[in-house]
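Have a look at this one.
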Amino acid sequence: MVDAPPRLGPPPTRLVLAGAVAAAFLLLPLVALVVAAPWDRLWSIVSADSAREALWLSLWTSTIAAGLCLLAGLPLAWLLARVAFPGRRLVRALVTVPLVLPPVVAGVALLSAFGRTGMIGQPLREAFGTQIPYTTVAVILAHTFVALPFFVLSLEGALRATPLRLESAAATLGATRWTTFRRVTLPLAAPGLAAGLVLAWARSLGEFGATITFAGNYPGTTRTLPLDVYTALQADRDAAVALSLVLLVVCVLVLVTLRERWWGVR
Amino acid sequence: MGRPVSRGLAVTVDLPRLRAEVRVRPGSTVAVVGPNGAGKTTLVEAAAGTAPGRTSYDGEDWSGLPPYRRSVGMVFQEHLLFPHLDARDNVAFGLQARGVRRHGARRTAERWLSRIGLPDVARQRPAALSGGQAQRVALARALATQPRVLLLDEPFAALDVAAGAQLRLLLAAHLRDFEGVTLLVTHDAIDARALADEVVVLEHGTVAQVGTPAEIAEAPATAHAARLLGLNVLAAEEVVVPGHAPPGTLVTFAPSAVTLTVDEPAGSARNRWQGVVHTAVERDGIVRVHLRGAHDLYADVTPAAVDDLGLEPGRAAWASVKATEVTVLADGPT
Amino acid sequence: GSDDTTKGSADRTLTVLAASSLTGTFTQLAQTFEQRNAGVHVKLVFDSSATLAQQTIEHAPGDVLATADQKTMDDAKTGGGVDGDPKQFATNVLTLAVPSGNPAHIATLKDLDKDGVDYLTCVTTAPCGAAAQKLLAGNGIMRKPVSEEVDVKAVLAKVVAGEADAGLVYATDVTASQGKVTGLEVPGAADSPNTYWVAVAANAKDDALAAQWIDFLTGGEGKAVLEAAGFGTAG
Amino acid sequence: MVDAPPRLGPPPTRLVLAGAVAAAFLLLPLVALVVAAPWDRLWSIVSADSAREALWLSLWTSTIAAGLCLLAGLPLAWLLARVAFPGRRLVRALVTVPLVLPPVVAGVALLSAFGRTGMIGQPLREAFGTQIPYTTVAVILAHTFVALPFFVLSLEGALRATPLRLESAAATLGATRWTTFRRVTLPLAAPGLAAGLVLAWARSLGEFGATITFAGNYPGTTRTLPLDVYTALQADRDAAVALSLVLLVVCVLVLVTLRERWWGVR
Amino acid sequence: MGRPVSRGLAVTVDLPRLRAEVRVRPGSTVAVVGPNGAGKTTLVEAAAGTAPGRTSYDGEDWSGLPPYRRSVGMVFQEHLLFPHLDARDNVAFGLQARGVRRHGARRTAERWLSRIGLPDVARQRPAALSGGQAQRVALARALATQPRVLLLDEPFAALDVAAGAQLRLLLAAHLRDFEGVTLLVTHDAIDARALADEVVVLEHGTVAQVGTPAEIAEAPATAHAARLLGLNVLAAEEVVVPGHAPPGTLVTFAPSAVTLTVDEPAGSARNRWQGVVHTAVERDGIVRVHLRGAHDLYADVTPAAVDDLGLEPGRAAWASVKATEVTVLADGPT
């Protein structure tokens, strides 16, 4: 669009008001949190080695988890939106389940599957001697497990909104379904994809319960920033708030700079 | 492999809304005409594989094949340009999908854009194209892959006269040494006559008539075919015809066969109706006069005659037609 | 503050805010208390001691606060969350829990230093983690735990499930596991036990009933239940 | 569409494989959880009064929270997608923040805002004597706070995918922006709206950290099923797993039956 | 209130791609013609308020108003039917938006669907409509609200001949006692002449000519206007004209003015060119012969002449035209 968007009149007052209320409701606690932060000690808390280490771990594991969501969730969302396989309704509902499991239980479930004595974990350990829990791999798995449903569901919604007829057009031009997926479906679903990635990344960044249960909590390898926040919370609530602010600021910075550039969303 | 193979394209559709079979001989063009909702789009989409139907080409059975395994090029009635690609990449899409590298595909696409008279819109996205520009880009996109089966669903609908003429010439030139087959959906008699070797008339979801353009012009089987060729259509009871016309059938005669007079005509013309001039529209030096009375009648007369007779809207006049000019249509009123 | 229920003793509710590690014992005690006092209903609210202390400061509904360490009770008192003097009512000592079958063949705390032994403690900011850290240092254990868990129940759960070779938990946890783990005594643990404190909340609606619960808890019946669960009640 | 969807060829193997891997990764831990469940005691655990009470509380508070998300989030998503107000980029990023805050910190933030001494809580208490924390209202607020960003972001993605030109067409037909919103934008974004509602509802259903911090863990008024799971986890891990299965089954049942009927998603 | 008010519609667009001002007198219809990409759609969308521009109607300034506060009815070139509503609800939409209750709006919508000849598609969604059906529903939707300003962007493009004729009549009847104004974008000379009181020729984003259809037919200012009316267009240097034609200008003459002969013509015609017959298409009893040589020339001749001269494709022939038949166009080559 080169032109300004069509001028369809002022936005309806009730929508503006309701939207403002929603925004205020979301922002108010954040403001309160910022106000309540221990500003005098902030820098020392935030610049501690352990905090920096945890932040860095959080950032890269979340990013990898978002990448895994993209790799695995994109095909799944596409299958759910486009292919009428038997049992699709059930699979779609089951995909939602990790959303409702309390994160700690999600961690328990992951342990039952990938733990030392788990369904996959035990054979894995006996065959190769590898162990997933207590490693950074486990952090990434926990993040992915928790974030994937968000990604899949929001992307599926977006895929359903893209016009099927354009895929027919691509097919008549000789594009296989794979080419069509890559060159037509994906670009058309880009806003939904971006939204899904943001959801997945942010959910990973804040993930706590599944991570500590499945991956454990050890500085440097598995203690992400939320775990660091929790650790601090046991002793010093102010420090926990300060560390949370770091998460908050990093998230806003990343989203304001990266997302808008990458996805051209104004 | 034992079973009879037919060369060219054969499409069979068996849906509630269309039951039809159409064959196109190698190297030839078939125009598909018919009223809105007759099933023309359904037919060509079946050939493309985007709608259900059975298709074979040169003896190969394409029925089970997805569109991308068929060598088709299609212009959709709604264009269906890819909104996220600029005009050049839209045209290059088919080439790239068939394995041409991006750079080469884009060069070819640029040549096609020049050929359709739009070298300047290469970098514009469909949202910034005018309706006619989009239509032309869609045509270029379909032709660029050099498919063996060309499926064109009203490709000239939104074009201005000059662009229409240019693209008709382009298409005619393309079709002249084209060894594949073409299905052309059109509402324009000129297209049907100038580009097609054969015309298929679809009506109410069935094939009403098949023949060369001249055959159908001479003996249209339905009112639509007659109207498409610009003929007057009346009920047989109301017209004197040579030979026998069963009641309930329709008859037709060309506007050029109609003579207009201000006074009741005296000559040998046996069909005569009085009416009032509704419109008088000149086109290419011929004035088509629409006379309203008991029937809607069209007469083609010279501008001089219009001046002499003072055929302005509102003026009463007589129309007459010789019985020998009247053809009996095969079907009943629609 | 106290504002008594006007409906009389028939509909009295006692809300007890208790550390999560008291879940089993307090549930049992509440039943007995309700039987003893007809018309009384005991509502139990479990959470971490720190959160509960904070809640009393916030004047969350609650008559009694029971924490699993002294520091959080002190915090509650400083913040005005509890009235009067908190009472210590139980102690708990750390033990080394190993899964049934003891796959890593651990006999003493020293074995935690062996290669390939994955053991767990609570996070060091929690009372059980702080105590564990002190004990490990005191016994000269050099290897670090493979993970610092949220709370002692998480440590126990992983040891029970065999996800770790050993974990430092409370004696009560070993008792609660009903044989799924074996407890090994930790040298020096008994010298610095974890202490449990109880007090009437400042926001209590029914001070009398709250006092009654504390008496019940520190009385013979309470002691018996606590001891059966593995707590110490001597201190 | 009355016809079958266009037959564009078999789905690409790599997409099917990747999708299957993703589905397996999500389903495996669930299967492991089910296998590990204490089947002999399941019924008695699940049918306990406290569990039924907690489940019921969870269901209705989550449903109300999803409704609030709809009421407040829909206008907000629309504003973000359609109205170019100053600071939109920042607001969009800030809306994401509750996603990354560890839920416990979200609870702390809510307390700072609505607590006894909070920015809103204090004036509220002084004026009306009402107190929000540790009540069922607090549960609903916590759920809404945590779920709203999911709803807003996924809906915004869907709204951006609906064609603006149809809104122009509606305007030329005399439809105000409100009518256009109601009769054109909303129906077109329906798949995204459904996805967003499911996300919000499921996220509420599984919410733990913000709830326990902001609303407490009072049986009957604020102990939702995830809090009951937590409480059970302290004494009887198997019971916790069994209770989680209840959440899982309820979620799948509700999604398989309701969603597909309401939204016509096949 | 003090400032001069002009009755009717005035639209001014000032964009890089279109700088134009168009006025429509009350009760009249202006046809907007011009090549693809000229800016026709941009102009009517500015009048609707969906594209930037200044608009006033009967002295009211509409410039700041959103579309829904203007009394417009628009047929978009791409139809833009609401995909989630059936045909009836699409037509009823405007009425409901203007406060009519659902039941009444639907009844009115059903009447409109009958009027456009589609009573049976009421419950079909746009995806199940054919292209022409969609176009007709879009027209009904625009007319149903009885707006004071009708904006029709190629409303007859996808219609079959019969439906086209029917809807042209419907529209003509509607316009006859219509007190509002109409802007009609079309590529069809017949529409321009039959329906419009005035024609605006847009080219390259500016107004190239304004006049009654007859005025423009007599003295087209641009090649497009000439071509739209079916004329031959050549450079002035290559044609003998009456009077003076500056070099670089274009001249035009009607195909009906062209005489075809097999041998070099001897008579008084001073312009003569040799060429080869490319196509010969009959339409309404007239054969239009396309002769290719140094120029593309079109000649209209009788079928009899075609037979006599054997004017089949590939045949060499001479075209000649009398200088008196040639008109000089105002602008240069395009």
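Quick notes
Letters A, B, C, D and E name the chains as they come in the text, with residue numbers starting at 1 for each one.
Operating definition for what follows: contacts are C-beta pairs under 8 Å (C-beta built on N, C-alpha and C of every residue); 3 or more make two chains touch, one makes a residue touch a chain.
These numbers were taken from a predicted model, which means no experiment stands behind them.
Chains joined by the most contact pairs: A-D. Spacing of subunit B relative to subunit C, judged by their CA centroids, is 87 angstrom. Distance from the subunit D centre to the subunit E centre is 54 Å, each centre being the mean of its Cα atoms. Note on chain placement: the centre of subunit A and the centre of subunit D lie 14 Å apart, centres being C-alpha means. Multi-chain contact residues, meaning those touching two or more other chains, occur in subunit C at positions 157. Across the assembly, subunit B contributes residues 49-50, 66-68, 78 that each touch 2 or more other chains.
Annotation for subunit A: residues 6, 8-10, 108, 168, 171, 176-177, 188, 230, 233, 237 touch two or more other chains. Chains that are in contact with each other form these pairs: A-B, A-C, A-D, A-E, B-D, B-E, C-D, D-E.
Those residues of subunit B that touch subunit E in the shared complex are 34-38, 40-41, 77-78, 121, 129-133, 135-136, 153-154, 157-165, 172, 187, 189-190, 193-194, 217, 223-224, 227-228, 230, 254-257, 279, 281-286, 288, 300. Residues of subunit B touching subunit D in their complex: 49-52, 66-69.
Against subunit E, in their complex, subunit D makes its touches with residues 1-2, 165-166, 168-177, 179, 183-184, 187-188, 190.
Listing the residues of subunit A that touch subunit D in their complex gives 5-6, 8-12, 14-19, 21-23, 25-33, 35-36, 71-76, 78-79, 82-84, 88-106, 108-110, 112-114, 118-120, 144-145, 148-150, 152-154, 156-158, 160-162, 164, 167-168, 171, 176-178, 180-181, 188-189, 191-196, 198-199, 202-203, 205-206, 208-209, 226, 229-230, 233, 237, 240-241, 244, 247-248, 251-252, 255-256, 259-260, 265-266.
Contact residues of subunit A toward subunit E in the complex are 3-4, 6-10.
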